[in-house]
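Consider the two complexes below, in which chain A is the common component and chain B and chain C are the respective partners.
Moving on to the complex of A and B:
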């Protein structure tokens, strides 16, 4: 029920987030209107990490669900990882645009930029592994095991590396004085946008999982007819 | 899972005996042909000599030397670390192993074998690299510890990935594609620690070494837990 409410909230939250980002939130002092990209770049990055975490959790559930009470968890984990990949690519594109406008070049090998590239490589490797296992009945187990390994290394790239090495990125909410350095209206817009993009992720995942269920049912009916 | 040996019936002592038996089998089979070891060492020698020849005796900056050293170590290891599992699938002995030994003992013995293999690769690659590229190490003990800890981490992470790749038919470069991003934190930290040892910049604390050892422990624990899912077939 909660998931359905989150999915439905997408229809209200996304238009609201776009309107707030362009019309209500003030522009930043030095960056001007360029700063409005924060309302898209940060939520995209957050959702990509969330999607990768969900894929890891679904994979763990798949490995432990020996009686297969919850069907196709490995394929659902694959769906979540695919969405995470798409969102991570969009986060890289919006981040590069923002970097060009503020730091003068599209790519600077900042620790956060390096981290996202490595995360993308990890999930590209996962898709390669799944392709290599096409037609193999061990595909679900091996793919899920790799996703769990990938999830376990995520904290290093997302939380540790950007804090160990000097970064061009502004400090995040978890900074030295533990307070976000944002105007109240900007903070509110960012929060709404994060909720909107999270509901968009839930919406897409729900659609992909429904399509998966339909495809599986058609497959079963086709085999039953044989 | 019917018929597959899930736990070692004789307890701890039986587990140790199974590990020793499997290790002795792996060492005799692998060192009879020395295929994986020969390929890894041949790659290391070719890469080191090629770099040295191209440089024409001109020494590289310490950062470039560290990057080259770890790239050669990493790809030399990638040529051989997966062989221990791929061989079992190729020679159709995996099923026999699954029936006769517990997953835990197989993982531990393959893990120890891969660590030994890595140490041999390091023992060949590092002196060769130092000799051909005229590298001067200022902090020798720090350098040696970095090489050993980095090698330990690479072999620790690569063991479970080797088991996965073997199930995928050991397809070509898939092992490197899977390993490189997951082991990048290890390479990242090892390269900077090696550079410091070449520059003589003694660290106040040994965070890099602690990280490498912690990563090895962490990835080994996760791999140990995941291995039975990868190995045991329904």
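Moving on to the complex of A and C:
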């Protein structure tokens, strides 16, 4: 019950984050008002990585849960991966707009941009694989195994690759000094926005899983009536 | 009822924030904020309705089982 209330907190946190991002947080010194995209771009990227990680964990649970105590885990993993894909695309779009405003071009093949392209390709391949296996009994096992492999590549593409090569992106929040170089109000706004987007993700996943359960039960009833 | 309660809290938060706002913000920022908030309200309403519909379906299914 408490978890439900927490994930519904985005109804309040999201308008709050929007107001704080545009009207409360100061603009960055060099980037000016363009810097306000950070309050949407960073949470979107964070949620996409979280959603991909959750899909990997659910897939592992599906493979270990031989007795199927938790039903439809592979479908739930698919739901999480779908949300992750949508959020990753939104992160790419917002990032691309920001790149045009600050670096003069929509796409620069910066290490972080390149790594997100690779991640998107990995997950597009998952969706193709899954749709190609429609009606196949091994669909859940093969799809879940693929998602675990995809999850294992994430730390390299998200955390390692952008730090190995010189990047146009600013120093990451987890940097060499181990302190975020952000004004207090900017940091607070970013945190609220990250919480808002995370609870929005949790809420959408919860809705999708409930709709899935309703559809599956209907399907079972239909087959039982046959 | 829940919708009214949520709207009430949103209004409270907006009022508190409005009181804390610095005065030197350009009109463009207010316009952008208003547009995004309107889009967000539409989206939140859609999600709320979807939640209600799924809840109704779940309840119907439970009734059918009984």
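Methods note: the second predicted complex is superposed on the first by the 224 of 226 C-alpha atoms of A that agree within 3 Å, B and C clash if a C-alpha of one lies under 4 Å from a C-alpha of the other, contacts with A are read in each partner's own complex, and residues count from 1 in each chain.
We adopt the following convention: a residue touches a chain if its C-beta (ideal position, glycine included) is under 8 Å from a C-beta of that chain, and two chains touch if they have at least 3 such contacts.
Everything quoted here is computed from the prediction, not taken from an experiment.
Room for both chain B and chain C is found when the two structures are superposed via chain A, with no clash between them. Once the two complexes are overlaid on the shared chain, A:121 sits against chain B while remaining clear of chain C.
In the superposed pair of complexes, A:214 makes contact with chain C only, with no contact to chain B.
Shared-chain residue A:203: touches chain C; no touch with chain B. Once the two complexes are laid over each other on the shared chain, residue contacts for A:14 go to chain C alone; chain B is not touched. Taking the C-alpha centre of chain A as the apex, the lines running to the C-alpha centres of chain B and chain C meet at 160 degrees, rounded to a multiple of 10.
Contact with chain B, but none with chain C, is seen for A:136 once the two complexes are overlaid on the shared chain.
By the touch criterion defined above, A:103 reaches neither chain B nor chain C. Annotation: superposed on chain A, chain B and chain C show a minimal Cα-Cα gap of 30 Å. No residue of chain A lies at the contact with chain B in one complex and also at the contact with chain C in the other. Within the complex, the chain B residues that touch chain A are 160-161, 164, 167-169, 171, 174, 177-178, 180-182, 184-185, 218-219, 222-223, 226, 229-230, 233. Those residues of chain A whose C-beta lies close enough to touch chain C in the complex are 11-12, 14-16, 18-20, 22-24, 33, 203-204, 207, 210-211, 213-214, 217-218, 221. Those residues of chain A whose C-beta lies close enough to touch chain B in the complex are 63, 118-119, 121-122, 124-125, 128-129, 132-133, 136, 138, 141-142, 144-146, 148-150, 152-153, 156-157, 161. Chain C contributes residues 6, 9-10, 13-14, 17, 20-22, 25-26, 29-30, 32-33, 36-37, 40-41, 44, 47-48, 50-51, 54, 57-58, 61, 64 to its touches with chain A in the complex.
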